[in-house]
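One chain, chain A, appears in both complexes that follow, with chain B as partner in the first and chain C in the second.
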Partner chain A sequence: MTVAPKREDYDVVVIGAGPAGLAAAATSAEAGLSTLLLDENIGPGGQVFRAIATTPVTDRSQLGADYWVGADLVQALRASNAEIIHRATVWSLDRNLDIAVSIGGASAFVRAKRVILATGALERPFPIPGWTLPGVMTAGAAQTMLKSSALVPDGRTVIAGQGPLLWLLAAQILRLGGRIDRILDTTERGNYFAALPHAFAFLTSPYFAKGLSMMREVKAKVQVVSGVTELSAAGDGQLASVSYVAGGKRETIPADLLLLHQGVVPNVNLAMSAGIEHRWDDLQLCWSPVLDANGSSSVAGIAIAGDGAGIGGANAAVVRGRIAARAAVEALAPAVAAKLPSMATLRTDLAKAERGRMFLDTLFRPAPQFRIPTGDTIVCRCEEVTAKDVLDSVAIGATGPNQLKAYRRTGMGPCQGRLCGLTVTELMAQARAKTPQEIGYYRLRAPVKPITLAELAAVPKSEADVKAVVRG
Partner chain B sequence: MFRRSEQDKRPQVQIFVDGVAVAARQGDTVSAALLASSCDARRSTAVSGAPRLPYCMMGVCFDCLVTIDGVGNRQGCLVPVAEGMQVEIQKGKREIGK
Partner chain C sequence: MTRNVDAIVIGGGIHGCSTTLHLCLAGLKPVLIEKDYAGRHASGVNAGGVRQLARHIPEIPLSIRSMGIWEKISDLLDDDCSFESYGQVLVAENEEELAVCRARVAELNALGFTHEELIDAAELQRLVPAVADTCPGGVVSRRDGAANPAQTTTAFRRKAQQLGATVREGVAATNIRYINGLWYVDVGSETFAAPVLVNAAGAWAGKIAAALGEPVPVETVAPMLMITSRVPHFIDPVVILRGRKLSFKQFKNGTVLIGGGHLATPYQDRNETVLDWESLATSARTVFELFPVMRSATIVRAWAGIEAKMKDDIPVFGPSSRHRGLYHQFGFSLHGFQLGPGAGAVMAELIVNGGSQTRVSELGIDRFHPSTL
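Right after this comes the complex of A and B.
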């Protein structure tokens, strides 16, 4: 069943029902603002709390306490007056705060006084040889299936990469009785020293104890190879083996499933298409929006909360959602704002939630060889463009990602650069001896998700609209 | 590649993949149902015809593109299964009329 928005105008429209969006929409609606929450997925939760309302994994210890926090957020939202629409793909947002959303194959248009973008993160591209083979997926993909359908890896399974999610996923797979043959840890040895100055904050954060116990749980059952410096997948039309180098020694192991993960990066497409200024983040190695302390962006009326504002994790996302919503309440209904937790309280909560982040960012900063591929490794999965193709184009004059489109169509396939954008920027920056900031990113435009011409054609038109294009 | 945990007690939903009946579960996405089944769910790309399976399962990579109830280029990872749904593994680009 598809449901169009009930109104044309809202005080606040929140986009994305992950930790930040759930918290923002509940805060805004509880304060009495007319609030619409639009979300692309089947149910609430985003990625972290994926399938929180419907998961068949009912033994709470298996997904862990951090997951079930999401149930309280959903309950709070449902108790509020917020209007919630799932399977709603926002394909346009502009500086007038006009929003176009595709719901069940038809587009609807709403206008907001304030927009809170909570579009979250996606996994950083992991462009190794063979990463497009069937049988190679992201760790997040396996976790999505585990949470929403209780599916676990069955064949010979290798997990490769680095970062907290990798260990969490491994622990969850093992708890559900799934199979993991080997974990290949790509964390650079030098990162341990670089992260040392930030160790105190991390050791005194909740991440430390949880992370340590999870790593122990996994290492007791699975062979873990650390210091992996090269990684590739091979097979004829299907993954057959994974090859890696650790400690200078190459090894090739048979595999049916390879799960890749090297952190997450902000999902910038909608924000960039709205004209919001982004800058290259040299630590997190991604584009992050330029925001003030309330999450307000360079476009008046649009705030960004959650990992889309720069990676901070789920706890920080919830607080950022509340901060952005409180700012909206202050602007639209100042009398009510006094009843909400003060900004000072929220900022203390945020500092607590962000504790230890610098350590994690530094320790798990992915190595150059796993971000900037060479030779015939595919960079753009949609248009099947290799690293060599990109470098050849640079050699004959392509200056940046937007020129490169004309040479190779990179970023012009259906994913609209989500899986190649960062790689293209870094690859071109390296080839041209410039910074990623100087090289820039794809110029993103609506529709930020593909919609059919039939859907556009069915959009209600005024007489003036028709006259503008009809002759005679 | 994947199997269902025994604790999954959701009701079954029957879908058809290239005409063959496949047992899915209520709440599965089309892509999850395909990966949990024994069918060869590999699509082929529009550019080179290379075989692919879903990569991200969260709506960003478009490697799960599939024809659902006669409509091509659907993101299988964002569409829940429904009783009697007709799924076709998409070979190459979307065809006119689909």
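Right after this comes the complex of A and C.
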């Protein structure tokens, strides 16, 4: 079933139906604002609550209590008057708050008085030798299959990397009867000391008890190798083995599936293509939008909530969604805003939800050798550009990611830099002895997700004249 | 501290870079000042068409001069600029358009220009088999082709630097003034002084000219382009249409560039453009009709570069009509890329020799001077 937006103009358009988007759309619609929620997936939930309304997993303990929180958010949204469209890919947003969205192969244009971007996070690239081999995938992709289809690995499986989601996925796979042969923990030993000053906040946060019990649960069933300092995948056209170095010793183990994960980073593509200013976050090692306390960006009328505003996790995302929506209500329907929870209350909630984040960010800050590859390791998968290719281009005058396009076409493929952008920025920064902020990022342009020529051709005709002008 | 150089070139587009390089070749020590980086705007993000075809008559001599340089671009720059020459074809979609083509070629021939050649339906089908077979013919310019614009502009900048040019990127030229026979320009904390100043600042050049007392009818425009995912190879020449806004080019890697001059809204002060998807949809419809093979291709990215367009659509090129030592090179009006190499060579001749064998007299800024109106 294909549903086009009912109107051309909305008070608020929310993009993304993860925790932030669900909360924002419900708040905005409950306050009486005309609200449209556009979401790319087949149902609500985003990644963290993926398939919350449809998952075949019925034993609640298998996915964990945190997962089922999503059901309440969905219920609140559905009780509101928000218009919700799934399988809706927003492919353009500009500073006039004009939005182009593809729904079921047809594109529509809508305009909003306020836009709340809740496009969430992406997994950080993990560019090790062999990461492009079939049989190597991201932990997030594995989790998507697990949540939507209850599919778990049954071949020889190695999970490598670090971060809370890695442990969560491992626990979920095991609970559903999946196989994990070994976990290779790449957390840097020094990070434990660096994180120590933030430990108190973490110990008193809800993450601590949950995280600890999950790690215990996994470690009871799987051999975990910590302090991994080198990692590579090998095979002839298909993953056959994983090699690693831990404690100075190299080991190679056979494997059919390697799941890689070293944290998530804001999904910035739509926001950047709208011209929103971003800055390099040196702790989270990613680009984050420049936002005020209400989540408002540098482009008037566009706010960002959830992990797209800087990684904060699902609980913080929900509160950020409410804050951004409340700000929209204050601007568009001030009389109604008084009935909503006050900003002060929301900010207290946010502080609580963000407790322990510094500790996690510091502990799970990925090591340089797993972010900045060398030699023949592929950086850009779309154009098959290696680390050496990038360095060679720097040597003959490429100064930043946009200049690099002229030499190597990096970032010009269909992924628009999602899989290489951070790597290219950090690699060029290292090569040129500059900060990532100075090096910058790709200029991103619509369509943020590809659309077919036929779909664009089917867009209703404009009044524009067709005076022939040829160009050189 | 003031540094004396032989010439100051403002603007790191292909024109500023080419002029800087040719001044170096003539033995001068120029400085090139670019507020962003070389090729940041129109010069780096245009369609890359290397086209003599369908040009305004006053700029044809410059275009022909440029073509000679393009054909030996590797010798000049040690970089092939991804230049390739499969010709450019102007397609007439009906007999009326073909009649216009016929008259145009006759007019050029009468003026002694032979680069444009009238073709019939059979030759059109041979050159562009994918085009709809209802098209009765068109015009071909066989030496034309295309190059990678960012690679080319970067290569000019790099070669100029190798030959001794000083390059300042990321800092705007400010406080332009003429004192006792020298032009002074501030660049951040530096000041440069030279007897020669070249205004090649693209979309920003009109303001510089106006500030120096030579206002011209110029506007800032941002022609849009879009590129598709890879499709099987089906076309070699660049194709443009006689009657509709479309230019069309398939690269070696299979991607197809679709342009034609539909305009985005430029936000010059922010270095930004906002695309007009309804106009791009018009381009998509034209491609959809003419090249059925393209229907399932996906649009991967669209963009626009900021540039200057003159009221009469031809550039401002040559010495100032008011100031000694000042030269203008801007306003290329959506078709400046191919002219870059030749314009740099001719500009260097005007500066060093006071004249050039290449006829550019109709491009001067004096055509807008109140006394000539």
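Operating definition for what follows: the second predicted complex is superposed on the first by the 463 of 472 C-alpha atoms of A that agree within 3 Å, B and C clash if a C-alpha of one lies under 4 Å from a C-alpha of the other, contacts with A are read in each partner's own complex, and residues count from 1 in each chain.
Operating definition for what follows: contacts are C-beta pairs under 8 Å (C-beta built on N, C-alpha and C of every residue); 3 or more make two chains touch, one makes a residue touch a chain.
Predicted, not measured: the structure shown is a model, and the values here were computed from it.
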Have a look at where A:R320 lands relative to chain B and chain C in the superposition and call it first, second, both or neither.
neither
May I ask you to decide whether A:H278 touches chain B, chain C, both, or neither, giving the answer as first, second, both or neither?
neither
Answer with first, second, both or neither: which of chain B and chain C does A:P450 touch in the superposed model?
both
Considering only touches as defined above, state whether A:P414 meets chain B (first), chain C (second), both or neither.
both
With both complexes overlaid on chain A, does A:R371 touch chain B (first), chain C (second), both or neither?
neither
Applying the document's definition of touch, where does A:R182 land relative to chain B and chain C: first, second, both, or neither?
neither
Overlap of the chain B and chain C interfaces on chain A comprises residues 413-414, 450
Help me check something: in the complex, which residues belonging to chain B touch chain A?
1-10, 25, 27-29, 32-33, 35-36, 42, 45, 47-48, 50-63, 65, 73, 77-78, 80
Complex contact set, residues of chain A against chain B:
40-42, 47, 51, 54, 56-59, 87, 122-123, 132, 134-138, 140-142, 144-145, 148-155, 176-178, 237-238, 256-257, 267, 381-384, 413-415, 418-419, 450
Enumerate the contact residues on chain C facing chain A in the complex.
37, 39-40, 44, 46-47, 49-51, 54, 90, 148, 150-151, 154, 157-158, 169, 223, 227-229, 240-245, 247, 253, 259-262, 267, 270, 272, 274-282, 284-285, 287-288, 294-303, 334-339
Within their complex, state which residues of chain A touch chain C.
92, 94-96, 100, 109, 275, 396-397, 399-400, 402-403, 405-407, 409, 412-414, 416, 445-447, 450-454, 456-462, 464, 466-472
